[in-house]
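Each of the next two complexes has chain A plus one other chain: chain B in the first, chain C in the second.
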Partner chain A sequence: MLLYYFKLAMLSIRKTPLLSFLMIATIAIGIAATMITYTVNYMMTQDPVPGKSDRLFTVHLSSWDPNVGYRMKDGKEDIPIFMTYQDATNLYTDQRAHKQTIISFHKAMVRSAAQPRGQATMTYLRPTTHEFFSMLNVPFLYGSPWDASDDSQGSQIVVLSKKKNEQLFQGENSLGREVVIGGLIYRVVGVLDEWLPLPRFYTERSDSYSEPRGLFVPFQSSINNDWLSGTDGSVYCWGGADLIDLNALKASECVWLFYWVELASAELRDDYLAYINRYAQEQKALGRFQREQMNRVMNVAEFIEYNEVVNKDGRIAVWLAMAFLIACLLNTMSLMMTKFHGKGAEVGLRRAVGASKVDIARQFFCETVIIGLAGGAIGLVLALLGLYVTSEVYSHLHAGLMEMNLSLMLLTIGSSVLASTVFGLYPIYKACQIQPSSQLKSL
Partner chain B sequence: MLKMSNIAKIYLTDTVKTQALQPFSLDIEAGDFVAVVGPSGSGKTTFLNIAGLLEDYSEGSYFLNNQDVTHLSDTQKSRLRNEQIGFIFQSFNLIPELNLFDNVEMPLRYRTFSAKERKSRVIEALTQVGLANRQTHYPQQLSGGQQQRVAIARALAGSPAFLLADEPTGNLDSNMADGIMSLLKDINASGTSILMVTHDLQQAAQADRIVEIKDGVLTESKQVEKVVA
Partner chain C sequence: MKDLTPILKTLWKSKTGPFLLVIQIAVAFTILINVGHMAINKWHEINKPSGLDEAHLFTFTANLPVEPDSYQARLEQDFADILELASVESVNATNSVPLTSWGLGLALNRTESDESYISYAGVYSMSSNFVETLGLEVIMGRKFDDAEMRLSSDDYMIKSTTAMVTKALAEKISPEDWTQTVGKTIYINGRPYQIVGIVNELIATWPAWWGNKRSIIFPVLTLTNESKFMVRAHPGQLQQAMEEVHTLLMRQPGRIIDKYHPFSHTRETGYKPMISSLVILIAVTIGLMVVTMLGTFGQARFAILRRKRQIGIRRALGASKWQIVRYYILENMVITSFGILLGVICAILLNVKLMDFFDLLSVPGEYFLVGAAVILVAGQFAVIPPALSAANISPASATRSV
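Up next is the complex of A and B:
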């Protein structure tokens, strides 16, 4: 019987092509607009490290100027999200978490050793420590991360992103090959596979939707080489630090490093915070940390929220798109009312020959399903087109933000069918109320 | 088979009460051919709609094949219409986008017949009206008389106990009308009861009984000739 209803629905759609087209197009446009904004927002709010994000914490310390607060946030005094060199290295040396990493920044002219000097390009680097890779589930195509001894020695070794490996070595297995970074020779020990964490939560908000950096080097090597680049990241200071001299910066109260830890379980959070507070008390006894202690640890979701990685405009855009979709659906509903009312004579006839109201409702329900399916399919094409155009316009943003995965595609079709059937209920109800005796002379 | 007792129909609006049919009683037995005559607006179609369970009555009781239809649900009435009643309309009421087979099959779709059973019944019904070779044609490819034959086939396909015909020849010329009347008489001769509304007293004269409705008052004439005269 279901097939019969679908056959009737197809005949009905073909019988009134303009009306059917208007209904399908209206749904398609509404669905496309909604799914474009929803996709971008959804991809922005993805869990960047599934299964682990509740065990990864960034550590923030109240190390700021005792006389002047760091900044105000939501009407309250706030503390830096960065850490001083001395605090980061102290905590790192303590090794109190299951895993921990220091994250810094640098930029330099980079080329492969085989390339002439003229082919060197300005490249953003990520000085960090070896557990960065395992903490963030970073996949490797070739090789592996460096180890703790490389960190302590500051070995001149490098891990390349897949893209950078393609630029420097045409995508070949480049393990053991040499890269010239700022005039210094670094040996390749690893090449990453595709790795596009969205959002890129572990540094500043401005980096959240750009691609990860192309080169990763041991943090200590950047210190050994006196790499200091104030223009590539944020360095906030108090107490008159000299930003030209790295040794002065290391000894200062300037904050510029991110510090992340991985705990064995989320339940250990309070214990770790207690350790951080004890550390702060020790520093206070040494004359530092004179402000009110507001030390904190934040997991990934909390830091994304705090850092306003997903801004409110995105959410508002989704709501506006939903409102537009509802307007489209109300329009579709009125078109359905017109269409189903126009089929009053057929309804009367079918009721006369034995169709119950339920039979009539099923027949029209199938029609709304087909309209929803067609609207969803066209809406999906329009949404993909819209996302492509958006990614071209906002080419500085991560392309992955404008890509629909399979579940989003299915959601597009499913929500279109659901919307069409829900907004078709009232027209169906009205069609079922048609008095057959009043219609039988007008077929 | 059809027993109406003190049936009346009143239309009520906020301000107006209209008595469409005065209380009446009527029995129709199996095999009866009853013509319903009367001027336009007299209540003939209202009477037919009540008999066909398409409209509720305001008073009285109605038994169809010994079943009281007064308190039946919509689904139960629909099933009863489907199994016991065949409708024939003045304007044929065929669905233009369906071919003859699909039009005739329509009532059978609302029953639990297998596809094979449906096909057999459709072909038998179309054969009965002489259009078995046109089953893939569409209504607009047929003459008016042929379209009415298809409508009769549709009414017959479900083997109803009786047919309700509302001016079945009203849109046909006299030759075609004669053909349809002849077909209806054949159907009646095979045991199917027919209740036919008509303006044409000559056609009414071909029925076994005549019921006259005038200003909502239903009376049955004992002698056909009297009404015709």
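Up next is the complex of A and C:
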């Protein structure tokens, strides 16, 4: 019987091509607009480290100037999201979390040892510690992360991103080859596979939707080399520190390092915070940390929210697109009213020969499902097209934000069918109210 | 006008279709007003004057490839060498380049206490001849003299005691009369600074900050291993100046130059996100208008098909083609007006909500008028084709039975 209804529905759609086209087109446009904005927003807000984001925490300390607060945020005093060198290394030495990492920044002229000097390019580096990779689920194509002893010695070794490996070594397995970083020789110990955490939550907000840096080196090696660059990351100071070189920075109260920890479970958060507060008290006894203690740990989602990584424009766009979809659906609904009204005679006849209201409803329901399916399919094509255009327009954001995954595609079709059937309910109800007699009389 | 009564009666008799169209128009109107307002705001942000002589400026960062104690000598030598080039008019060093989103912002207070907050401002600290290099216009007071210039390796303002502000910031400092600002003292982090001059415009470094007309400038030259340079070329010689300066600086062994761009590039990159949003907003607006017109068109067309006989009878009874067209145009205007009326209510409500949620500015009244006019005109365009085809229904069709 259902099959027969579908056949009837197809017939009816073909009989009024313009009307059907208008219905399908408006649904398609509305669905496409909604899905484009939703996709961008969804991709921007997705979990960058699935399965782990509630156990990864960044640590913020109240180490700031006793006289003046660090800054105001939403009318309250706020503490830095960065840490001083002494605090970061103290906490790192304690090894109290399951895993922990210090994240720094540097830039230098980089080339492979085989390239001539003139081909060196200015490159952003990421000095960090060995657990960075396992904490953030970073995939390796060749080799592996360095180990704890490399961190303590500050070995001159480097992990390359896949892209950087292509630039420097044409994508070959470059393990053991040499890279010259700022005039110093670094040996390649690992090459990453494609890795694009979106949003890139572990550093500053301005970096959130760009690609990760291409070279990772042990933090201690950047310290050994006295590397200090002021313009590719933030250094905030108080108390008139004179930042003439790295030693001055290390001894100062300037904050510039990110500190992230992975705990064995999210429940250990309070214990870890208690440890951080104990550490702060110890420091206070030593004469530091004289401000009110507001130390905190934030998990990935909280830090993304705090950092205002996801922009408001995106959320507004989703709301607008949904309103737009509703306008489109109202349009479809009025077209359906017209259509089912035009079929009054057919309904009357079918009712007269014994079809119940439920039968009529089923028949028209099939029609709305077909319209929804067609609208969804065309809407999906339009959305993919729209996303392509969007990624051209938003060329400053990573194109990975404008790609639909399978579940989003299914959502597109599904929401189209749902919308079409829900907005078809009233027209169907009206069509079922048609009295057989009134229609038969006029024939 | 005598058509109006039958129109209202007909609409009332079968209200569902027109009612749906009314809601659709209301939704469209609501979105149109809000999106239009957002788009125009963005447009104004993008076209805000920077106060700079953008066409002749280029900027870059370069290291000072010497030991820290000779930074100052090296930088002064660099300035002197660059100025010797015939294509260069002026050069200076700055803590941050306008519109690069990289810089410092600070809160200004009237007294030492944080409670007397005036405003937040973008901070520039620049070497002495920044007024000439950036092409700024000093409209009150004076510019810094050489004796005021300070050197610092870490901080942008602590060593200074004077500052210049933009006119927009002066209006915050002296809300009653901005021309009284020169000579006043403001406090930052408890330290006093005397304002010695006012520049007309100097945009802060963040393109996306709505308050970016408010900047403060300190006479401090920051000496680090990496300096930000701004160079103004003679008219028509930007390209040449860029090449010559690069060659000149690269003669120094160990020199690293980065972010070497004409200012037009900086502006383009800085405003890229906003321009992108603007394009999307415009696309949404166009899409919305198209769907609304489609809706009106569909509604009118099928209303007419349904009333084919009625039209035929009117024609047979002597109605002219024009009267038939007029009927449908009028009907559409009635529906659209209801839609706009409902839309005005929705737009006000939505705008209040949007303001709560996203702290947007409220939509001024003229947007309602323009939006209403646009929707009315679009509706008319959509209804004319079906109305014309209605007028072409022959009177004879009424006489046939179905």
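Keep this in mind: the second predicted complex is superposed on the first by the 439 of 443 C-alpha atoms of A that agree within 3 Å, B and C clash if a C-alpha of one lies under 4 Å from a C-alpha of the other, contacts with A are read in each partner's own complex, and residues count from 1 in each chain.
Just so we're on the same page, contacts are C-beta pairs under 8 Å (C-beta built on N, C-alpha and C of every residue); 3 or more make two chains touch, one makes a residue touch a chain.
Keep in mind it's a predicted model, so treat the numbers as computed, not measured.
Chemist: Could you classify chain B and chain C on chain A, in the superposed arrangement, as clash or fit?
Modeler: Fit: chain B and chain C sit side by side once superposed on chain A.
Chemist: Once chain A of both complexes is superposed, is A:148 in touch with chain B (first), chain C (second), both, or neither?
Modeler: Touch status of A:148: no partner.
Chemist: After lining up the shared chain so the two structures overlap, which partner does A:67 touch, if you call chain B first and chain C second: first, second, both or neither?
Modeler: In the superposition, A:67 touches chain C alone.
Chemist: Report for A:264: first if it touches chain B alone, second if chain C alone, otherwise both or neither.
Modeler: Touch status of A:264: no partner.
Chemist: Tell me the angle subtended at the Cα centre of chain A by the Cα centres of chain B and chain C, rounded to the nearest 10 °.
Modeler: 90
Chemist: Just to be sure I read the superposition right, which of the two partners does A:357 touch: chain B = first, chain C = second, or both, or neither?
Modeler: Touch partner of A:357: chain B, not chain C.
Chemist: Is it chain B or chain C that touches the larger share of residues in chain A?
Modeler: Of chain B and chain C, C contacts more residues of chain A.
Chemist: After superposition on the shared chain, which partner residues are touched by A:342: those of chain B (first), chain C (second), both, or neither?
Modeler: So A:342 only meets chain C here.
Chemist: Return first, second, both or neither, reflecting whether A:327 touches chain B, chain C, both chains, or no partner chain.
Modeler: second
Chemist: For the superposed arrangement, tell me the lowest C-alpha distance between chain B and chain C in Å.
Modeler: The answer for the closest chain B-chain C C-alpha pair is 10 Å.
Chemist: Based on the A-chain superposition described above, do chain B and chain C contact any of the same residues on chain A, and if so which?
Modeler: No residue sits in both footprints.
Chemist: Note which residues of chain C are touching chain A in the complex, please.
Modeler: 16-17, 20-21, 23-24, 27-28, 30-31, 34-35, 38, 61, 68, 101-102, 107, 114, 153-155, 158, 189-190, 224-226, 228, 256, 258, 269, 272-273, 276-277, 279-280, 284, 287-288, 290-292, 294-295, 298-299, 301-303, 305-306, 354, 358, 360, 402
Chemist: Hey, which residues of chain A end up touching chain C in the complex?
Modeler: It is residues 18-19, 22, 25-26, 29-30, 33, 67-69, 72, 107, 109, 122, 206, 228-231, 237, 240-245, 312-313, 315-317, 320-321, 323-324, 326-328, 330-331, 333-335, 337-339, 341-342, 390, 393-396, 426, 430, 442 of chain A that touch chain C.
Chemist: Which bits of chain A are touching chain B when the two form their complex?
Modeler: 1, 4, 11, 14-15, 345-346, 349-359, 435-437, 440-441, 443
Chemist: In their shared complex, at which residues does chain B touch chain A?
Modeler: Result: residues 45, 49, 52, 54-55, 74-75, 78-79, 81-83, 87, 89-91, 93-95, 97-98, 106-107, 109-111, 154, 158, 166 of chain B touch chain A.
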